[in-house]
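The two complexes that follow have chain A in common; it is paired with chain B in the first and with chain C in the second.
Here is the complex of A and B:
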């Protein structure tokens, strides 16, 4: 018979969900995860035939080793702060916006259009105009799935994913047709107007005004979510949609509004990245920021402060691993693998801090 | 009689509370043993330990004379312990027979439906249960679903049957039938552990009763040698006055007039089929009925959460049919929802945040787009002391409060809001006797202020205690209106079961 005391030889420990995540566990989660991730990565580096110590050193130097490396890390982090925030606002309302990728492109398209249309303006007026149109484009591309969800109960995951393709192909059409630089072989626009490009924060670096805007938006997002009536409603909707409805919160309006805000922030990622970094609008210039933004948001625990830190970590991983690749010659696939391992361990550690080992 | 299951000093500790503190009791073969206690007394924890869902922190369990360790419900089932939970564990799109035999055969076996059907039909015959084995679960009434749960346990040859608050969803007549069958089962030697907080059921059905209070076993007594009063004292630790005094009489002025209201339910059936009733100022109008007969939908339509397909709702003469919820709330309608956690409270929010739910845009709690947290907390603190809400602070997340205190948060909020009428759906469900007494007093004080209260409850004693008039809802229709002063429980019970009055 099962369960007779004398015969028990089962594991005597089991996982149990904590009622509240442990403080100590959460504090230790990040360092422990990083150490574990590096340990596993070392095995891969070793297997690829490189010197582990050399590789890890290169990784650190690439990310934080010099002022220039540090600034470049922040450059990489900038668009991810935006997309991470965009995803955070939506996910807080439990709206699964997987479309930051497309809303970013939409923002880049409208920003480019504005830069050409209002190119006569001086820099001081043109830059705000361009960025304003970036938010408008992103917001419009976010409102569409929001409206479809409210009006037809269309699943926002599917709609946002599909709209990512739609906007990508729209951009492809614009670049190969109306906006194409006739003198270039590649499908790309003419050079962006000089007056519209964002000022650089430190000379000899690429860190641009977009980083400051990103930090500002992070602060604004924090205030929005935790200090305003609208933020209260957004979080209420995310935690308990049914309670929100029963207590008179206009769910439809809130959903559309959240998608507009989320899209606007993603659009700003497109606008700042385009006019901060790129000489022209091209098809593949900003691939992946939207999707990585989802990871950034989750890793940042859907909190603007966490998002900023997570985005910087991602920036560091990108720069650190590309230097590692140059120094040690490990294949590029390994670089991606290491990035993924770090993310997986961080997320696992975060999850584990919510559990405890208990004696049976 | 011989002992079937026995616990020795069974203790279950959770991080902050001792849910079961050294409980030693036994259930004999062929006995119905009631486990009586308030909510939070540790009844469910105790039964989940026996069923293997929880592991006791200390203590021993002996089943059929042998010490056992029950690590999971699968172990419990293998030993012969079956449990019917308060919330059924059935698969709605599958048939009765599929639900009963689910999990009973190993993967390598083919399901032998014919043999299973024979066995189940025999069980049904034996206990006089009528069930269509090939009906889908979702087509069954709640009472019928409960039979399926019980059959599930009997089919795997349970020797001990644990029932957790089984009558919460039944009409008085269905409960009676259940009690008869349970007593029949004990004649076959089955031991039954019957968990309840209703004294009447204890007296009606049990052989012995064990009373729990705050995790401790107060006493185990023979039912025949005790009284309701004695049990109450053991359960609460003090005496409770059940009778309430009403000092005012309702006005004749209507506050809420509902005429021929129709609305669809969630499953595209008509849930309200022409409801008409009038609620007067200073009146408690009770809505009696078995859960699932349209009460939920009626409250939702009145609050503007569900739209009416036809009919009219007038609030002090103003047509509020299908108006937005926020508008109806702003007109002075409070709502205590039937399902606290899914309709009334955001458990992730703090107590203070919950106390302003629905008024987050009101001038009194915000300036411009920003919330005025200083003011919100100030008001929260005064509400907490006024309503005697037990919480470490106003910033505590409301999910960590006990059910009674969560309900007090909702009461505090909705009482503040209702200046005309209060729609209370099961306001005392799942609460301790002490808190129930408190809620009753609060409802009566609102009534004395001239607020009209529509009170739905599945506790007929509560209805008879509080109501001025009683309407009975059955299958989306009001099938009887009675004066509370001369209504009888049997009469209400028949109406609840859909037996309409026939005038002589």
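Here is the complex of A and C:
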């Protein structure tokens, strides 16, 4: 290590790079990152001219203060569980799918199309159909960058980012043209078919079937990654791509498959969120879930269980921040800053856990 | 419609707009060129632009000086650059994840800061500044067509165009440029010759992010005169594509930036004509072209060999 090295050599200690990251350091990274992010958040709340303790208390009460608050936290967590899992499956294979944001929109588009096309079906058949088409839309939007990567070596990071913008404009076109509700001032669709909306789990809350599906998908993702041969291939690809190639793994096929699965899960986020929460399909309704999913996956250490916990934490932040804004005037936007600050500290802590302090 | 398209005023309008629209991505792409030549793959360009754009707008509105805003946008980019360099050069964290996180950090922190400073959620009351006016070069700007095209642009546009030969000279005709190019190819060789690898990488990354910040500052102090969260709208990513399309060479990067500038300028000018195609097609076009470029861009002959690979001294 150079930069640090040269400064510290004058003391009797020096930083040395470890061959393997320290286990203790890795274990401590998440709590350390959370505490550090809390400290920075306090500074940001102070900067907004509010009382830190008051703001944090309001946030806590808003997120967990009552049964209703807790259920609403789970509502906010639901799409993040999906997108976090979508990112996890891809990142495990070191395929950098930054496109969950767009795949979610693709899923919402195909789900809406299915709900209108098959609107004659009874609820019990319509809901599975709609959700099936949500996964198809997401998967297709994920397969495109996967195929371009395999066939043309087009970098999937940039392609997925660019496709996020493309699908947004496609949605904008559909909403302002063919799907537009002619009686509405805003560009949005007509009301979603009643029969397609997801059942609510607890009366007087907004928690819908999507939450149960999200937990199920988390379990399935765990089984997929650790108990199947495809999961082994995915993790092998992420760990040592060259070795994976020599072990006879069809890398091209795996890459496209991973992007399809990842996109399908993200599409499901769009389908469940749309038919669980929203009255109509609109342009800005589901903004940011895909990007936050990246942070959720990283905080959850690319493990389905961790993803669920991280999604609930981030859902709590979003939910609690509304009350914080009402009570103290600190803008809700704070949470978006906090979420990324947690991850920056987490990565810094990970980086540091690869160093050790040695006596010279 | 066709006759409208062929009118000279329309063509000149599109081409003059091309230089203006290309300016922010050109700044960001030239910066990213320097960053990537040092071996660091900074995917946080979008975030650097956003921070630069916000800080530039904020300082311009508070100080009343547009040039103070421009300086601040560079400073904002530089601060992001220090973060990028610290994570990738010092801590040697995965550069892809660093860049992505910094983008989200930038979008979160500017959104929050904007709300804290301006406090209003109403759409009716968006704070604005009076943006820069183009500089009309005496006599030359009065030449028919050519005057509007080349000699009534913004000061920062001239600066961006001037930066192309300057960066070419720096890269290919100076010792520092040689070191920089070597750094992205074979950092060990450079280290053995006694060059301070860390320092050079820090300088390159901070300069790169400063240019991205300046590109963001151009958006708020020249193009629109206001700040909206997410105003960069993917331009940072286009800058990364432009570096690839330009094969890591300044003159080709200029050409690629102008192509994107042309597409966006065409879309802006066509909107005024009321054409029949849905306007979203034109909005999506730059991103689709960018994907097409990535498909064709397999021969990355000039890509730095050690791009994205942290250098570890044994």
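Keep this in mind: the second predicted complex is superposed on the first by the 285 of 360 C-alpha atoms of A that agree within 3 Å, B and C clash if a C-alpha of one lies under 4 Å from a C-alpha of the other, contacts with A are read in each partner's own complex, and residues count from 1 in each chain.
Basically, a contact is a pair of C-beta atoms (placed from the backbone, for glycine too) under 8 Å apart; a residue touches a chain by one contact, two chains touch by 3 or more.
It should be emphasised that the depicted structure is a prediction, and the values quoted were computed from it without experimental measurement.
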Chain B versus chain C, judged by how many residues of chain A each one touches: C
Partner chain in contact with A:266 - chain B first, chain C second, else both or neither: neither
Chain B versus chain C as contact partner of A:108, first or second or both or neither: neither
Partner chain(s) touched by A:338 [first = chain B, second = chain C, both, neither]: second
Which superposed partner A:296 touches (first chain B, second chain C, both, neither): neither
First (chain B), second (chain C), both or neither touched by A:246: first
Chain B/chain C common contact set on chain A: 1-4
Chain C residues within the chain A interface of the complex: 43, 83, 87, 89-94, 96-98, 100-102, 104-105, 107-109, 111-112, 114-116, 196-198, 202, 229, 233-234, 237, 240-241, 244, 278, 280-281, 283-284, 287-288, 290-291, 294-298, 312-313
Residue ranges of chain A in contact with chain B within the complex: 1-5, 8, 10, 18-19, 223, 227-230, 232-233, 235-236, 239-240, 242-250, 360
Footprint of chain C on chain A - complex, ascending: 1-4, 17, 44, 47-48, 96, 98, 148, 152-155, 157-159, 161-163, 165-166, 169-170, 172-173, 176-177, 291-292, 294-295, 298, 330-341, 343-344, 347-348, 350-352, 354
Residues of chain B defined as touching chain A within the complex: 15, 55, 66-71, 74-75, 78-79, 300, 303-305, 324-329, 335, 337, 342-349, 353, 357-358, 360-361, 366, 369-371, 373, 400
